[in-house]
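Both complexes shown next keep chain A, but they swap its partner, so chain B is in the first and chain C is in the second.
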Partner chain A sequence: HIQYERVGADVTMKCGSMDWDAAVTWTANGTDIDESHLNGSYLILKNVDLSQSGQYSCYEGSSWHLKYQTYLRVGTPPKEPVLMCRSNNYPKGFYCSWHLPTPTYIPNSFNISVIHGTKDMVCEKDAVPKNRCHIRYLQLFSTVKYKVTLTVTNALGKNFTSLTFDEFAIVKPDPPENVVAKPVPNNPRRLEVSWQNPSSWPDPESFPLKFFLRYRPLILDQWQHVELSDGTSHTITDAYAGKEYIIQVAAKDNDIGTWSDWSVAVHATPWTEEPKHLTTEAQITETTSASTSSFMAPPTTKICDKGAVVGSGAVAVCWTAGLVVAAYSVLFI
Partner chain B sequence: MAAADSPSSALRRRDLCSRGIRLAGKMRTDVVDLLDAYVEQQGLDASASVAAVEGVPVAAVERWDEQTGTQRLLENLAAYRAFRALLAQMLEEQREQLGEADAGLGRALAAVLLQVSAFAYHLEELLRLESRGIPSEEGDGPPAPPRLSLFEQKLRGLGVLRELAQWAVRSVRDLRQLAKPSPATATAPGLAESP
Partner chain C sequence: SPTGDSWGIFTFLCAALCNLPALPALNCSEELGAGQSIQQTYDLTRYLEHQLRTLAGTYLNYLGPPFNEPDFNPPRLARAERVPSATVDLDLWRGLTDNARLAANYRAYSRLLCYLRVLDGQVGMAELRHRLAHFCASLQGLVLSIGGVMSSLGYPLPTGPAGTPAPPGAATAPNDFLKKMDDFWLLKELQTWLWRSAKDFNRLKKKVPPAVVTLRLEARGF
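Coming up: the complex of A and B.
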């Protein structure tokens, strides 16, 4: 036997069929209850709180026969539930999920109804999570709104909420998946970003997604944004050299609905020139050219850059290379 | 359908579909803007439900993914021909009601009407490409409407523009389906023989 009572209520428990003046002992979860809580054989609990939930038993005074037992559950009636509906798998269907803003501490049951115009639709409950159900679209491109009503009931009361929406308004894909950002060799200001359509989006060929990419160096708060109408990759060309970046991508159906949440953030740092791992030859070169340059350029990089060229025409010589040659010459004299 | 399967036909179809998608996309943007302006100018509640009006093509469709290419083209063509007539009627009513008082709305209506006409022509091109006969327009268009009150006219206009906005989205989707390369089977999914 379960007895549900509201928080703050005054609860009176009778000891079964025992007379008011019978000698009884009440226990709560096996612990004797002080006589001050008794009115005759009745147990009086004033202004009950959650901690008073438990098993209450009443025993006849002398024989200790169990005369009555109940499980007291203290809780609250449900507040208005929070309901959300969304289509992350358009055009297949949509799902609705709900929760209570505050717990009731007692069991609740939920009933959901979906009406499209005058037609009742069945929202099939998901096994996991339990507070979710899904509906298959029977029609597409309808101007008739959907109305979803969720009623929550428990032993102490009921409450409900409704949502009314258009087919297009609730379309919101899941974020893009497998976002990868990589430096571009020999390009200190570029980062190559790629991603995939969310796996929950059933037909990206017929219902293509567009994307929004945002990126910033970790040291700054301001995001850069790029909107991309097709493709699942993009090259950032204005990265600050040597700075670590944080990058995220969001998706939206090309024509309807709203943007997804941002993807998981990825980090990447653009390519930078680095010292070669030292070998004998490299060591010599580095020692002799130490006064002219901080690092040795990687083998694929030209030694000359535009600013280091002196002279003109066929006689133009890179001054950095010239010094290296001169250093070698000095070494072998 | 040898003509439909030749490389040049396939390229032409893809080109027409791509252009049609752009046309429909632009049309939708303009219809949505027009809808906002219409609601405001006509003093309507944007969230008002409008019952289906006779003669206004309903965009809602069941089993959309199972439609053949021909069905898509024919249904689209019938719809936009109807919208052409409905918008012309709205424009006329607008002029009667307001004269020059709301030239902006009239101009926006006329611009959308032009796009609808262009899109209908575009659909006819696609049908011609597939060697499909173009259905005649005889008997198309809305039946002569009973004389509506001013408020009823406004509500009908709201219904027309809402359905047109839905159709513009549907047309983009339809054309994307049409643009898909057909598998080399007897019943090409894009353009199977109509029943």
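Coming up: the complex of A and C.
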């Protein structure tokens, strides 16, 4: 026998069919309860808290016969649940997942209903993770909204929440997978980044994804961004030489929905030349003049290669780099 | 009755506007190649979709509540079935031939344009009328663009509107509220069609090989 009570409630337990004035002993989890809590043979628990959950037993005074036993579980009725629905596998369907904002400490059952116009649809519960269900689209490009209602019930009460949305509004792919960033040999300012479509996206041919790449050297806070409408690779051409970079990619359906979360971050450092040993003075002069001339003859074509960089952010950096290098060249003439 | 006369005029206008012959933009698209015109048509649907977002917001505000409320979710009435719906069974949509896919788009936008023009004629606000007119012009461009793609691929243009677009006069809204509901659903279907078209043209982009166009040009002695 289980008894559910709210936190803060006053609980009165009767010793089964025993009279009020019978002599009884109550125990909580095997420990005798002090007589001060008794009102005749009734056990009074005032303002119960979670720690008072447990097994309560009532024994007849002299014979020590067990007359009544109950399991008390103190908890709360459910607060309004949090519900989220998302289509990461468009156009196959969508999933909804939910949770309670605060625990109730007692068992809860969830019931989810999906209505599309006048039609009731079944959201199939997933085994793992729990608190998640998925639905298959029967029709595509629907103008009618979907209404998902989640009801949570326990022994102390119930609560519910609803979401109403259009087919297109909940499209959000998973982040791109297998992001790899590699240095490019003999190119101290380049990093080659490649990735794959998220495996949950079922049809990238008909529903192509576009991508957003962001990167910054670990030592700076400012991200640089590139938006790519095609392809699953990109070469960064304006990396600071020798600095370790952190790189992430996000995905979005070309036309509808919202951006995915950022992918797992990858780190990479551009290729650097092996340091040369300076043994003679002649070689020292050589290297000094070599470094001066490298300022004077800026490899602008390398920094801003056509076709390598797409996106206004990267173009802005190109121009800035070009101007800075031009300024240096003037200084060293 | 005066109401009957004005509806008659609208019906006539609609029929006239809807039967505009496709202009000879066909020559241009043949030279460019089907691939490029598919890209252009795709770009046009994206442009229209962005335009529609602002336009629909303004128009729904003009209609007033509850039409401009974000969670307004009315049941679809039978009368709303006149407006061509983008909704389609998933497998059916996947299996559409290029011709069928293009024809569905062509027919839908021809009819939607028709309804939108009538809407434009009835709006009381000058600024809104101006914006609707601009949108209609762009939408007309889309219809022609789709027609151009079809011709360059050798497909015949769907003759006349599929059936006759039920002239708006035929099923006049019996009251002001139902008329506004009609407008609401028209804008909704238009928006959904534009989202669908982006996907339709994505599919066409991948499926139309440049070689097909070359063959056709050769056949015509170019």
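Heads up, the rule we're going with is that the second predicted complex is superposed on the first by the 274 of 333 C-alpha atoms of A that agree within 3 Å, B and C clash if a C-alpha of one lies under 4 Å from a C-alpha of the other, contacts with A are read in each partner's own complex, and residues count from 1 in each chain.
Convention: a contact is a pair of C-beta atoms (placed from the backbone, for glycine too) under 8 Å apart; a residue touches a chain by one contact, two chains touch by 3 or more.
If you're wondering where the values come from, they're calculated on a predicted model, not measured in any experiment.
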> Since both structures carry chain A, what do chain B and chain C do when superposed there: clash or fit?
Replying inline: clash
>> Contacts for A:T118 in the overlay, against chain B (first) and chain C (second): which applies, first, second, both or neither?
In response: second
> First (chain B), second (chain C), both or neither: which does A:K147 touch?
Replying inline: second
> On chain A, which partner's contacts cover more residues, chain B's or chain C's?
Replying inline: C
>> Quick check on the superposed pair: does A:Q139 touch chain B, chain C, both, or neither? Answer first, second, both or neither.
In response: both
> A:H99 contacts which: chain B (first), chain C (second), both, neither?
Replying inline: neither
>> Contact-wise, after the overlay, does A:K182 reach chain B, chain C, both or neither (first, second, both, neither)?
In response: neither
> Touching A:K210, do we find chain B (first), chain C (second), both, or neither?
Replying inline: neither
> Once the two structures are fitted together, what part of chain A is touched by chain B and by chain C alike?
Replying inline: 91, 138-145, 168, 205-208, 255-256
> Considering the complex alone, what residue numbers of chain A touch chain B?
Replying inline: 91, 138-145, 168, 205-208, 255-256
>> Can you tell me which positions in chain B touch chain A when the two form their complex?
In response: 25, 28, 49, 58-62, 64-65, 162-163, 166-167, 169-170, 172-173, 176-177, 180
> Residues of chain C touching chain A in their complex?
Replying inline: 46, 49, 71, 73, 75-76, 85-90, 93-94, 185, 188-189, 192-193, 195-196, 198-199, 202-203, 206
>> Give the list of chain A residues in touch with chain C in this complex.
In response: 91, 117-118, 137-145, 147, 164, 168, 205-208, 254-256
